[in-house]
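The two complexes that follow have chain A in common; it is paired with chain B in the first and with chain C in the second.
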Partner chain A sequence: MQFELLAQLIVSGIVLGSFYALLGVSFGLVYQTSKIFHLANAIPFAAAAYGAVWSASTLRFPLWLALIFGLLMAVIFGLLILVLGYFPVMARNGTLLALFLVSLGISVAFPNLLQIVFGTENIPLKTYGADGELGSAFDNNVYTWGFVTITTIDILKIVVAWLVVFGVVLFVNRTRFGRSITALRTNPTMAAAVGISTKTVYIVVFALGSLIAGIAGLFVAAEFVANPIMAIQWTLIGFIAVFFGGIGSLLAASVGGLILGLLSSLSSLYLGVQWTPVVVFGALFITLLVRPQGLLGKAAV
Partner chain B sequence: MKRSNIGRKGAVVSLALGVAILLASCSSDTATEETTAAAETSAAAESEAPATDAAGNCINDIFGAGGPEAGEGVVINNGMLLAMTGAGSFFGEVMSKGSELAAEQILAAGGPEFKTSIADHKNGDVPTAITETKRLISQDDIVTLQTSYGAPSEAIAPIIAEAGVLTLNGGGSSPGQLSKDFLWQNRMLYAEDPNAGALAWINATYPDAKTIALIGTMENGVGTFNESAPANWAALTGGTVVAAEQHDVGATDFKALASKIKAANPDVIMSFSFGDDVGYQVKALREAGVTVPIIGDEFTQQAAEIAGASYDTFNFATDFYNVDNPNPWNVCYVEAHRAKYGNDPEYYGSNYYEQVFIFWELVKRVIAAGGDPADAGQLQAALVADPSFKSVYGGDEATVGIATFDANDHSISKPMGVFSVVDGKPVLEQEIVKIAPGADPKTALVAK
Partner chain C sequence: MGYYAQIAINILILISLSASLNLLLGYAGRVSMAQAVLFGVGAFTAARVVLPPPDETTSNAVSGIGYGLGWPWWAGVICAIVVTFLAALVISLPAVRLVRGEYLILLTLAFQLGGQQVMTVATGFTGGPFGVAGVPSINIGGVSFSTLKDDGAIRMALLMLVVTIVILAIAYGLGESPFGRLLKTLREHDTLLPALGKNPIRPELLIFGITAGIAGGVGAFFAFSQGAMTPVNFNLDLSIIIISVVVLGGVGSLQGTILGAVFLGLLEPVLRVVLGDDAIPWRAVVYGGALVLMMLLRPAGIIPEGSGIKLFRRKKTPGEVMSSTEALDRLSRVSAASVPGAKPALEVIDLTKAFGGLVAVGGASFSIPTGEITALIGPNGAGKTTIFNMITGSMKPDSGKVLLNGIDITGLSPVKVERDGIARSFQDVRICERITVLDNVMVAVPHQPGENLSSLTFRPLYTRQRERQVRERALECLALFGVADKAYVKAGELSYGDQKLVAIARLLATDCDVLLLDEPTSGVDPANVEGVMQGVSKLRDLGRTVCLVEHSVHFVLQLADRAVFLDQGIVIDQGTVQELIDKQELADLYFGS
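Let's turn to the complex of A and B:
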């Protein structure tokens, strides 16, 4: 029975870790490019969820269109934060601390705004069926192999997360624009000198990071509900994954997320589940103590 | 080039802002079942309770005529200490609405004016609760207080005792709040009071069940988790606790917990978790392939939305508010709630609705005795002298329910039951009662 439990915890850990990898890439892409501690990454996460829920129930969008609408909202809100929140501070030579405070303020205020607009209730993702009635938007089937179970959404999380991770890594490493991102990340002054537009790079990076955060938000809305505080804890996980896995590498951040997910799940094999946050933060602390650049990051020269 | 760049970017920003504003404004007008309650609740909060004859007369029929003897013209400074932000904001919202409706009905019925100030303890933060309580006392000069959550209420107990503020908690009831001067609980003790009856029902319904798994938090119901439940189970079945897992309040990922519970192979699962946590838990357990009965301590629509169809396999035992209760006061209450807020009242809001009527009853008693109704000490003395009050719980078509406080430990006795969830709605399976510690758990079952 312990072996069966181990098998299930590994599967659950991979699912959770894949989701963490998605969050890590989202947060890491923005942080590594702009050095902004983008706590407000929670907003695109929630905007996608509420966008999908609202458009499905009010505009009667079918599921596929509601999801796209949700992602569009994620990108829009992500760019709004950049253009209305960060750019003005940057234009006045604001420090990274100032940008962090802006991000913190937005991330604190936005859940309250959601509460005011949508109310405090949990809102599930439902779509109109052929009978004209609102019903569950998604059949989350459960698949069983012996002791181990996995759901449709779990499988999608794994597949989508790693497709996104590798897609983003390829984009950054193998495309011309991706090299602009790398250049800006490595040496902003030189990048500007050779004509790379910082603002354009930031806009693309924030749009992409927000899109990825939005994908994560849609998973939560589809599996559970949308609610005003849905994004906060997941955003923090993204931050932990980046610093745990390695600053400076998106692949390291995503692998860091995967390891964190496995750690979270497997720690409960011998410890109570209430120890999971202790294990996660403990792992981060020890890693940064021993390897400040992260588990897989490269040491500063 | 620069001008066109600015123009393009400006257009993008304007478009994005316009969409955002459109989204925000349209959201208030959603007409769907799922979002109407949320949106209209927010919007309707601004409107007055229907100052209709029906609302006023209905209350007068039940509570007697208004006028000076009923406190007309008296102003009672009332405070509320709620979770208005954060994870528990749903509870703060419904609690404040319950109180607001009650105050309006009482005023319309010729009773006192309850002038309420709401403070936010930020989802149970104790230092904030203390600061806000002191502010309510010093700045708003409150005589009565409606508090919530366990830890903040326990923390403010010395403050309200010293200041002499009559306080009621209808949310996070706990043993730590028992027998505290000026602090009374109008909710059965969470987890502890229904526990014997819940387990007795399980034993009666599933007589072959011998092993149990317990799930709980490290905040509420800990004593029941560690002591009462295992003892009651052993007394009923001779069986054992095969798994006991505690989790952080607010957790959403229960896959690991579900796997451990499944591996322990219990015959029954009992959960002492509350709020949304239960919904996430039940969903994770069912998706992990756990099919045994699960019984908890509360039902919220919020948790039901999270769990979806898997909640139809859930049972719970508590002093549950029944919106369909034909009790005349409850009928009046439900109609008024629907008219004002556009949705049905629920458990927590009902407790805080009742609290204001308890305060009103005490005001009337103090006035009748020739005392000062704005003196919390006199209000409490009136409560101790006669601890029974009308209730929206219990009763029947002809009679209003009665809830009775224990004058010694300041707890309350209300009708309790074990419920199943059918098509997302609670259905009463068995009435239960609170029993003394160590008593035979089977005596908690009310004979049918």
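Let's turn to the complex of A and C:
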């Protein structure tokens, strides 16, 4: 009985942890390049969810098109924040605190705008079927395997999350452009001297980070619903994954996310589910106190 | 009437909370996202202290009012302050250890969200999602401050006004005190305070604790005025509103904070009249949008720091008209006489440092005689700044020793090294641009009781007297370098050459015997180089031992008594400047011809 429960919790933990890894890579990519405490990463997340839900129900987009539309919205909103919010502050050498305050202002205003436009209610992702009726967008099947159950979305989460994680890690470490991201991060002056354009790198990084946040937003909309305040807690999980796993390495951030997911899931065995957030924050706190560079991070030189 | 009194109470609470955050965000440049949850901790603590104890005759448990200790209201306020102060010390511990602003954002954000969750789960303390009700209102000598009645609500509003004024006075006093000066220095340069011999960790921890303690105390008054509350009262939105008030008003400006709090406090009631129930999301759109626009258009806020209405005018001290020679005269009276060249003040013995495979300093040995000017010269990458870093303790040498007056100081922390008598300047001037020139120099003066909160509170007269002496000393140092007329100007408005002079004045103000200057003339326009050179020679006139890194040949020839020649981390030669010029090969290599 205890073993069956444990097996289920480990599987749920891996599902949750993979999702956290996705969030960690999204924020980690932006943070390690720009050092901006990009709280507004919540906006592409919500924009993707609302983009998909709205285009499917109002424009009658089929599922695949609605998802692409959602991701497009995520990238557009992510870049708008960068170009209209961060670039002007950077242009006059604003501090990281100033950039954070811009981010904070955007992340306060945006969900409330969503609420004004779409209302406070939870909106599920529904598409028009062949019969011309608005219905469930896809079948979320439940598979039982011994004592363990897992859903279609759960499997998709694991597969997509790690594809994205390894894709981004390969992109950053193996491509020419990826290396210019690393160059900019480690030595901005030198990077500029060898002709790397800060703006171009930022635009690519924010587009990619927002796209990944958008993927995460689509998962939440598909599995649950879209609502105005959906994004902020997930965004914060991304932050925590990065600082918990280790800044400076995307792989560390995603493994940090995975461990956090397992920790959240397994802690519910001993404590109530309501204590899960406390466990997550506690883990972060202790990590920063004992190992400031993060669980898997290298000590700063 | 009661409705308006309630709005007034809300605005006053917002002013108080924001003024406390302004201490942290405005003066120390650190942001806390946990202000709301700390406010809540204070409110629930006060409620638990004041609520009546369990009693057979009352049916508290049944009516959901909850139990407490049954202590008087002022005990509730004190407990709230103490509990939140201690809670804040715990959160800030890792952040302060790392001395990184963004960690504090993350930790306080996590604490805020985790705390909200704990509040809804910890039913024994907070009553869970339904909160606590029936908190007794304040009662002083039979006069009730209950907001349920109009006259009580007005009394409560007036009491809250008094509380707010006290908090503003504390915030103002701390900001203007030597302690506040430490914070403002910390805000601009993390590494500057240790180089001035001041420990940065204590003020940072303390200010975080004080900010939280004030929020906790205000929480107690919130509990007494409302009578009932739930964890939702203390969510992230409130933390963000408080940050918005401070930023919109003007970071570091208390008048701006008041204005910002009135604006945001009135926003909801006004929008409610206009929009009805849609007011809540619109309010967030307005202040979130205002925050973004303010950062883009007017980052210093509505009333930028230092530009508000001056309430107290500083008395002008005679130092302002002091001439350079008079300053030299005064300063030499307090300077210890030293015998030039008698024995080495500083000895560097076989110092080495490698970064990975790159040997920056490979066994450098030289000595710096007391009361003379010694120049470290050599091409870029010769290891000069690395040697400075190792002498002052900001970098640990791989091997070798540093002796100060014969005593081994190798590996001591920067703070200890400075207190032993070695101060340094930096290649980038590291002047705090947002505070006055005078404050920049005053912060360097040692032995200031006002940097200590207990002296500030319990020995105010002594503290004030010492502060006058400190100001006078700083003005003398400024006068010596001919920049005393700019004492009350913000340092950021000075030319680079003047900033270099202020940095040297600051170095002198440390009272250290050995002064290390890292490229005092680099980046200074030719017209001002002469001024800097005269300044450095005055340090020698005052009996200080000076060691400087310099590229300007002219400077070295004119000024230095001795020179140490470095190349690729090794001392090639040392001696008096004349001896070195006479050596043909060195002259070719460095002085050219």
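Just so it is clear, the second predicted complex is superposed on the first by the 301 of 301 C-alpha atoms of A that agree within 3 Å, B and C clash if a C-alpha of one lies under 4 Å from a C-alpha of the other, contacts with A are read in each partner's own complex, and residues count from 1 in each chain.
Simple rule for what comes next: a residue touches a chain if its C-beta (ideal position, glycine included) is under 8 Å from a C-beta of that chain, and two chains touch if they have at least 3 such contacts.
It should be emphasised that the depicted structure is a prediction, and the values quoted were computed from it without experimental measurement.
Student: After the chain A overlay, clash or fit between chain B and chain C?
Tutor: Overlaying the two complexes on chain A (C-alpha atoms) leaves chain C and chain B clashing.
Student: Quick one: is A:Met190 in contact with chain B, with chain C, with both, or with neither? Answer first, second, both or neither.
Tutor: Neither partner.
Student: Kindly classify A:Glu4 by the partners it touches after superposition: chain B alone (first), chain C alone (second), both, or neither?
Tutor: Only chain B; A:Glu4 stays clear of chain C.
Student: Would you check which partner chain A:Gln233 touches, where first means chain B only, second means chain C only, and both and neither mean what they say?
Tutor: Once the two structures are laid over each other on A, A:Gln233 reaches both partners.
Student: Quick check on the superposed pair: does A:Lys126 touch chain B, chain C, both, or neither? Answer first, second, both or neither.
Tutor: first
Student: Applying the touch criterion given at the start, work out whether A:Val15 contacts chain B, chain C, both or neither, answering first, second, both or neither.
Tutor: Once the two structures are laid over each other on A, A:Val15 reaches chain B alone.
Student: Applying the document's definition of touch, where does A:Ser268 land relative to chain B and chain C: first, second, both, or neither?
Tutor: Only chain B is touched by A:Ser268; chain C is not.
Student: Looking at A:Gln115, would you say it contacts chain B, chain C, both, or neither? Reply first, second, both or neither.
Tutor: Both chain B and chain C are touched by A:Gln115.
Student: On the superposed three-chain arrangement, identify whether chain B or chain C touches more chain A residues.
Tutor: When the residues of chain A touched by each partner are counted, B comes out ahead.
Student: Considering only touches as defined above, state whether A:Pro277 meets chain B (first), chain C (second), both or neither.
Tutor: In the superposition, A:Pro277 touches chain B and chain C alike.
Student: Classify the contacts of A:Met73 with the two partner chains as first (chain B alone), second (chain C alone), both, or neither.
Tutor: The answer is first: A:Met73 touches chain B but not chain C.
Student: With the touch criterion stated at the top, can you tell me which chain A residues are shared between the chain B interface and the chain C interface?
Tutor: Common interface on chain A, chain B vs chain C: 111-112, 115-116, 233, 272, 274, 277.
Student: Which of the residues in chain B end up touching chain A in this complex?
Tutor: 9, 12-13, 16-17, 19-20, 23-24, 26-28, 30-35, 37-39, 41-42, 85-87, 89-90, 92-93, 218, 245-248, 250-257, 259-260, 262-263, 265, 276, 279-280, 283, 287-289, 301-302, 305-306, 308-309
Student: Flag every residue of chain C that touches chain A in the complex, lowest number first.
Tutor: Residues 29, 31, 91, 93-95, 97-98, 101-103, 105-107, 109-111, 113-114, 117-118, 120-121, 236-237, 240, 243-244, 247, 278, 280-282, 284-285, 287-292, 295-296, 299 of chain C touch chain A in their complex.
Student: Looking at the complex, which residues from chain A come into contact with chain B?
Tutor: Checking each residue of chain A against chain B gives 1-2, 4-5, 8-9, 12, 15-16, 51, 53-54, 57-58, 73, 76-77, 79-80, 83-84, 111-112, 115-124, 126, 134, 136, 140, 142, 144, 147, 149, 151, 224-225, 227-229, 233, 264-265, 268, 272-274, 276-277.
Student: Where on chain A is chain C touching in the complex?
Tutor: Spelled out, the residues of chain A in touch with chain C are 35, 37, 85, 88-89, 92, 94, 96-98, 100-102, 104-113, 115-116, 232-233, 236, 239-240, 243, 272, 274-275, 277-278, 280-282, 284-285, 288-289, 292.
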